[in-house]
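Note that the chains are named A, B, C and D in the order they appear, and that numbering of residues resets to 1 at the start of each chain.
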Amino acid sequence: MKEKVVLAYSGGLDTTAIIPWLKETFDYDVVCCCIDCGQAEELDGLEERAKMSGASKLYIEDIVDDFCDNYIVPCVQAHAVYEDKYLLGTSMARPAIAKKLVEIARKEGAVAICHGATGKGNDQIRFELGIKALAPDIKIIAPWRMTDVWTMQSREDEIEYCKAHGIDLPFDASHSYSRDRNIWHISHEGLELEDPANEPNYDHLLVLGVTPEKAPDEPEYVTMTFEKGVPKSVNGVEMKVSDIIRKLNELGGKHGIGIIDIVENRVVGMKSRGVYETPGGTILYEAHQQLEELVLDRATYEVKEEMGNKLSQVVYEGKWFTPLREAIQAFIESTQEYVTGEVKFKLYKGNITKAGTTSPYSLYSESLASFTTGDLYDHHDADGFINLFGLPLKVRAMKMQEAKNHTN
Amino acid sequence: MKEKVVLAYSGGLDTTAIIPWLKETFDYDVVCCCIDCGQAEELDGLEERAKMSGASKLYIEDIVDDFCDNYIVPCVQAHAVYEDKYLLGTSMARPAIAKKLVEIARKEGAVAICHGATGKGNDQIRFELGIKALAPDIKIIAPWRMTDVWTMQSREDEIEYCKAHGIDLPFDASHSYSRDRNIWHISHEGLELEDPANEPNYDHLLVLGVTPEKAPDEPEYVTMTFEKGVPKSVNGVEMKVSDIIRKLNELGGKHGIGIIDIVENRVVGMKSRGVYETPGGTILYEAHQQLEELVLDRATYEVKEEMGNKLSQVVYEGKWFTPLREAIQAFIESTQEYVTGEVKFKLYKGNITKAGTTSPYSLYSESLASFTTGDLYDHHDADGFINLFGLPLKVRAMKMQEAKNHTN
Amino acid sequence: MKEKVVLAYSGGLDTTAIIPWLKETFDYDVVCCCIDCGQAEELDGLEERAKMSGASKLYIEDIVDDFCDNYIVPCVQAHAVYEDKYLLGTSMARPAIAKKLVEIARKEGAVAICHGATGKGNDQIRFELGIKALAPDIKIIAPWRMTDVWTMQSREDEIEYCKAHGIDLPFDASHSYSRDRNIWHISHEGLELEDPANEPNYDHLLVLGVTPEKAPDEPEYVTMTFEKGVPKSVNGVEMKVSDIIRKLNELGGKHGIGIIDIVENRVVGMKSRGVYETPGGTILYEAHQQLEELVLDRATYEVKEEMGNKLSQVVYEGKWFTPLREAIQAFIESTQEYVTGEVKFKLYKGNITKAGTTSPYSLYSESLASFTTGDLYDHHDADGFINLFGLPLKVRAMKMQEAKNHTN
Amino acid sequence: MKEKVVLAYSGGLDTTAIIPWLKETFDYDVVCCCIDCGQAEELDGLEERAKMSGASKLYIEDIVDDFCDNYIVPCVQAHAVYEDKYLLGTSMARPAIAKKLVEIARKEGAVAICHGATGKGNDQIRFELGIKALAPDIKIIAPWRMTDVWTMQSREDEIEYCKAHGIDLPFDASHSYSRDRNIWHISHEGLELEDPANEPNYDHLLVLGVTPEKAPDEPEYVTMTFEKGVPKSVNGVEMKVSDIIRKLNELGGKHGIGIIDIVENRVVGMKSRGVYETPGGTILYEAHQQLEELVLDRATYEVKEEMGNKLSQVVYEGKWFTPLREAIQAFIESTQEYVTGEVKFKLYKGNITKAGTTSPYSLYSESLASFTTGDLYDHHDADGFINLFGLPLKVRAMKMQEAKNHTN
C-alpha cells in the first residue's frame, strides 16, 4: 500500500496541478482536503475535479464556526492589528486550516502534508509552524519551494502539465490579482499594486463591497450587543458569531467600510503591498472597542493595548500553537469578564460613527465626570494628588538648580 | 511694592473674574498673560478688558510656531495616540503654555502663577507639572480647587462678582459645551455628551468642520512631502509647519475628517466623554504613517509603536518636561532620519485614502515582493528559514509527546 | 450602640496609642485586629494589652498560608522584582492584610478601618487601595496623616499619651530602624541608612541571617521540586509553601543569602533607602527560574519578563485587587503548566550556585545543542535562515547605497 | 589576478585549515585577519603560521578600545542582559569584528569574507548580519555549513588535511570545552555542560578567576566614578574604559565574581547550556546601576528597563547595525546625562556589596525620605493623592456592587 499525503486543496489550477505531481514525484496516494473558512468558492463539482486529477479521496471540511469562535474572537477581543492596519484575515485562518489538515492526516495515517503556498510569502510559515507544533513527525511538502523538481513557472505551464496528465479542465490562464479570501476578509496583491506609487484600481479590485464614493447616500444605524467580549446580536437579532460576521460583512460592504491599502513587512524579510477588504471585521473591532471604553479601567486598557500588539505579531508570524499565544489569550480573556453591553453606531460612506453605548458594568459616572462636586470627589484632593504626582519633577528641578549653583 | 502673580488669561468670564479675586484674596499685582496657541479667539479689546478688570499688565504671546515645531511634530513622528483615539490636542498645548508662563514670571519677578483649570480635569495637572519642572520655587494658584476662598459656583455668580468689582462687560451667562481650542484641535464636553448613551448633536457641536454627510460629494486629492519626518509642503507649496496644519485643517474640516467621540480615562481617575475635532492633525498623522510604511523596517516599526503609546501616556499625564519624554523623543528622532518622500491621498466624506507613496529611501523592492525569483531571494532559503524559525515549536511538540508517552 | 472601627493592630506603641485616640476623637468602639503574616512577633499578652488599652475586642488572625499561596506564589512565578532588586516583601502582604481587615469589618458591621501607616510611605496606599477595592463604602482612618487631630510627634509623646489614658505598658522610647517583617522578608529603614553615602551597619541591622562574611565556610547543597510552578519539596521532603519558605529562610539566613541595599522610588514621589533581607525568597526566585530555563521557550520567556516587570509595578503600587493584576496573573499561570521538575543548587556565603536541573518537560536537547548533525538539524537550513533573517538589513543597505549614489 | 577573500583568522586549527581549503575550493587569494578584542591569545608567530598555511597576507588588528567604547559601554548603560543572566560577551564582539572585516575587505578589494563559526550557533548570524548590513554586495563563506565541500568532521580530520597541504604545526587533537574569549568575558560550552543535570566542573573550567570558595577570606573595597554614564576611574585612578575593564577583571576574578551557569535559548531555535565568566563586566553593570538608583526617576527607570531588555534581544540576535539598535541607544544615551558620581562597594567571595553612593545629581532627599515633615511634603497631600490614585478602584467597586444588586 502506498504512503499517503494530505493536500490542502482549493480546486484551483495550482493545487490541482499538484495532485499528479505528488503522485509522479513521490508515488504517494493523494488525499485532497478542501477546507472551508468561508471563502465562498463554488464547491460544486469539486469532488469530480479532484478525482479526475488523480486524488484517491476528497474531504470537504467546513470549519467556519471553529474559525470564528476560536481564532477570530480572541483577536477581536485583543484588538490585534498588525502594523496599525491589518486585521490579520489570512493570518488567523492558516492555523485553523493546519489543525484540520493534521486531524485528517492522523485519521488517514498520512506521512506528509502538502500545501500550495509560495516561497516568498507568510502563509508557508503559518501552515508549517502549525503542522510542526501539532504533528512534529509529519513531513511537509511545499512544491513551490522545490524548484529542482517543481519546474512549472506559470499558469500556462501548469495547464500544460495538467493536460499532459489527462486533466482537461477549463482553467483560465489570464493573470489577475493574487487573492486570499475567507469569512473575515479578502486580500488583493499584484498588478498595479506592485508599485506603491500607484493608486489602487478599486473599481476593478473590490469584491466584498464598494468604495465610499459608491456607497449609499443614506446612513444606516446598527446596534450590537456583546456578552463577556463575545458578540451576541445585531439589530436585536441574536446570532452565532459566524452569522454576525456575515451580517456585518453585508452592512460594511454596502457602506464602503474596511478597505485598506498597506505596505507591510513580511516575516520573510521583505515589504509587500496589498489591499485588504474586511468590512464586517472592521465594524466588529470598532464596536467591541466602543464597549470597552466604558468598561475597562485605564491601567488595564494600556497594558491590553500592548498585549494586542504582541498578539498581532505572534499571529502574523504563524505562531498560533505556542505557549505565548495561549498566555496572551489568557490575559485577554481575563479582561473580558465585564465587556457586556450594547453599542449603537452609524454606517455612512466608509465611516463608523458612534451613536451611544451602554453597559451594566460601565465605569463611567456622570456625576464624577461633570463639573459639580459630589461625595466621591473633593476638589482639594486634586491639590494633594498633583503635589505628589508632580513631586519627582519638582525635586528633580530643585536638585538640578542646586547642582548648577554648586558648579557655578 | 506688591508681589506679582502671572495669570494665564483668556479674556473669558472665568479668568476675568479671577483678576479682582487675586487682588482681593492675596493682595497681588496681577500680570495677565494671554498665550496664543492658535485658538483663533478675538484678541481685539483684550488689553482694555484686562486693564478694566484690574490687571497691572497684559502680555499677548503668540507661541503657535513653537507649539507646532516642538510639541506637535514630535508627537506626529511618534504617532502618539492616547487610548487608540485621542490625538492629544489639549495635552500637547499645556506644557508649551506653562513654559511661556514661567518665562514671563521670571521676567516679571513674579512669585506665583495662577491658572483657571478646574479641579476635576487633566489640565490642572499638565499646567502644574510643567511649572513645577521649570520653576519649582514658584507658587501655583488654582482658584477652582480653593473652594474655601473661591466661592463662585456658576457663571451667574461670576458675572455678579465682576459687577461688584466694577467690571461691566458683556458676558454671556448661557451654558454651552466646555471647549478647548488651539491650532491642532478643538474639544467639546458637556451637555448631551455627559451621557455616553446619547449620540452627539454634531450639527450643534462642530466648529472646525462638517460631518461626512455634509461634506462635498467630490473627492479631493492632496500631496504632501516630508523631510526627516517633518512635513514640508502641501500640494507642492512649501510652508512652515503651522501653515501646513492650517491648510490641512481647512481641507480636513471641509471633508469631514478627524471627528472622534470618545470615553477616555482621565489621570485623576474618572472616565469622561468628549468629542474632538482634529481635521488637519488626523491627516498629518495618516500622511506621516503612509510614508513610514515605505521606510521603516519591521523591528523598528514594532518598537516604535510601543514608544508612541508610551509617549501618549507621558504627554497625556502632563509629564512633558521629564527625562522620560526626552529619552522617548530621542528614540523617535533617531527613526526619522530617512522619513523623506512624497505621499498622495484622497479626501472624501471622512475618509483619507492613500493614492500613492514614494521615497528615495523606500525599502520596498518590487522584484523581491513579486512572485518571480531573483538574485536576492532563493526559494530554498525559505526551507531553512522555516525549519529554524519553527524549530522551537517542533522540538517542544516532540518533547511533549515523549513526556506524555513516558507518563502513560 | 456606638459605631465600630476595625484597627489594624500590632501590639506596638504606635497602634496601641491609636486605641484611646480613636475612642476619644470619634467615639468609636475599637475592634483590634492583629493579622499574622509570619512576622514572628510575640503574641502572648496581646489580648490583655489590647483590652487594657480600651479595645472592645481583639482578633488574632493567622493568614500565613493565604499570604504564601495566593500572594507570594504568583509573584514568584512572575519573577516580579521592583526596580531590579526588591522582592516586594511588604508590598505583597498589604493587600492580604487589607482583605482580612475588610472581612472582619463586615462581620462586625464596622463603618471604618484604621491603620497606622505613615503619610510618606507606600503602605498607606496599599492598605487603602485594597480597602477601596473591596469595600468602597467603608471609611478609612489614617491617624498619621491627620495632623490636625493627631498631635503626637514622637515615641515620647505616644508613651505620655498612653499613660494619660491609663495605659501603663513597658514601651521602649529608644529609636531604632523602622522595620517591617513577615514570613517573606524584613525591611530596615532609618538611622545610618538615611544617607546613601553610608555603608549599612550590617552587624547591627540584620535579623533573619548573617552577612556572607559570617556565614559557614562549608557550602551546603539543596534540592527542590516544583509542580506547575508551585514549590513542592525541599531536600526530598514535601511541605506546604509556607513551610518551604520557612525552611529556605533558615538555609538562606545561615548562608548570608538575600541581603539587598537599595535606593528605591516610592509611589508618593520620593526616593527612599532601605536594606531588605529575603533569604528564603531569594532562593525561591532563583530556584524557580533555574527550572524555567529548561522549560520555557524563548518567545514566552521574553514576554514573561515584561509581564513580571509590570506585575512588580502593579503590586508595588498597591493595585492588587484590580483587573490588571488578575489579567497579568492569568498570563503567568498559563506559562506555568509545565514548570515541573527538580533543581539542585549550592549555598555558600551569599551565593546560590546551580548544581543541576531536570524536568520531564525540558526543551533542552543534547543532540540539538551539540556540534554533531542529526535528523532534526541540517546545517544548510542555517544558510536559508540567515539569508531571510538578514534580508531586511541587506535590502536596506542596498537601498541606502542606491539612494546615496543617486544623490551624489 | 585572483579574487580575494578576507578570512577571520584566529591562528587556531579550525581557521588555519580553512586557508588551504579556500584556495583549493575557490581559487581565492586568502587575506587573513586576526582581530584582537582582548582574547589574550598568543599573537607571536601568528604571521609565520598564516603564511605557512598559504595566506597571502595577515592583518593583526587591535580593536579593543573600539569594542569597549562603542559596543560594551552602550550595553552597560542599558543594562542589557539576555534572559536575565547573560551579559552578552560574545554577542557584542561579533559586530565589532564584522565591521573591521568589512573595512579590510574594502581596502583589499576582496569579493568575499569567510568565518569559521559553526552552523548551529548564534555567531554565524551575528557575523553575517553585520556583513550584510555594512557590505551587502560582499559574498559570505561559512565553511562549516558547506557540508558538501567542507568534509572535515573532527580535529583529527583537520590536522590530517593540514598535513596533506604541507602545514605541519603542533595542533592539539584533544577535546576540551568550546570557548570564546574577549576582554569582556569567556564562555565555556561542551563536555559535562552538555547535560543540564550535571554540575559544572568549575575547577577544570574557570579561566578568568576562581570560585567563591577559593577566593580570599578578606573582602576588598573598591571605588569607581562615572561621568554621564561612562566609567572614568577605579580606586581614584583615571583610566580609559578598556583599562577599567582589565582592572575590574583582575579584581572580580580574584574574588569569584561573575560566574554564571545558564541554559539559554539560541536564535537558531534550540536551547544550549554554557558557563560564562564576566568578572569585570558583572562589577561594571552593578556599579553603574548603583549610581543610577540615585539619579534616575521612577518613570525613566521603568521604561529604561524595558529598553535594556529589548537591546539585549537585538544584540543577541546580531542586529547591531540596524535602525532599531540606533534608536534604542539614542534613548539610553538621553538617560545618561546626569549619571555622574561615585560608587563604593565591597568584593567578597562572589558578592558585590554596596558601600555608599554619591552624586551631584542625586534625586535622593534625606528630609523628604525621613519621617519628619518639611516644606516639600504635607501629609495631607497624601490624602488627596490616595483618593484620586484609588478612585478608579473605588468607582469600579461601587459600580460592580450596583450591577450586582441590579442583577439580584
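Convention: a contact is a pair of C-beta atoms (placed from the backbone, for glycine too) under 8 Å apart; a residue touches a chain by one contact, two chains touch by 3 or more.
Which protein is which chain? UniProt says A, B, C, D = Argininosuccinate synthase.
What you see is a predicted model; the values in this text were computed from it and never measured.
The minimum number of touch steps linking chain A (Argininosuccinate synthase) to chain D (Argininosuccinate synthase) comes to 1.
Common neighbours of chain A (Argininosuccinate synthase) and chain C (Argininosuccinate synthase), listed by label, are B, D.
Interface of chain B (Argininosuccinate synthase) with chain D (Argininosuccinate synthase): the two copies contact each other largely through the same residue positions, with over half of all numbers used appearing on both sides. Between chain A (Argininosuccinate synthase) and chain B (Argininosuccinate synthase), the centres computed from C-alpha atoms are 31 Å apart. Note: centroid distance chain B (Argininosuccinate synthase) to chain C (Argininosuccinate synthase), computed from Cα atoms, is 39 Å. Touching two or more other chains at once are residues 265, 268, 270, 297-299, 319, 322-323, 362-363, 365, 368, 377, 380, 382-383, 385, 388-392, 394-396 of chain C (Argininosuccinate synthase). Chain B (Argininosuccinate synthase) makes touch with chain D (Argininosuccinate synthase) in their complex at residues 265, 268-270, 296-297, 299-300, 303-304, 307, 310, 314, 319, 322-324, 326-335, 337, 388-392, 395. Chain contact summary for the complex, chain B (Argininosuccinate synthase) toward chain A (Argininosuccinate synthase): residues 79, 83-84, 118-120, 124-125, 128-129, 132-137, 142, 144-145, 147, 178, 190, 194-199, 212-213, 219, 256, 259, 261-265, 267-268, 270-273, 289, 293-294, 297-298, 301-302, 305-306, 309, 313, 317, 319, 321-323, 344, 346, 348-351, 353-358, 362-366, 368-371, 373, 377, 379-380, 382-383, 385-386, 389-390, 393-398, 401. Residues 297-299, 338, 360-363, 365, 368, 376-378, 380-385, 387-389, 391-392, 394-396, 399-400, 403, 406-407 of chain B (Argininosuccinate synthase) are the ones touching chain C (Argininosuccinate synthase) in the complex.
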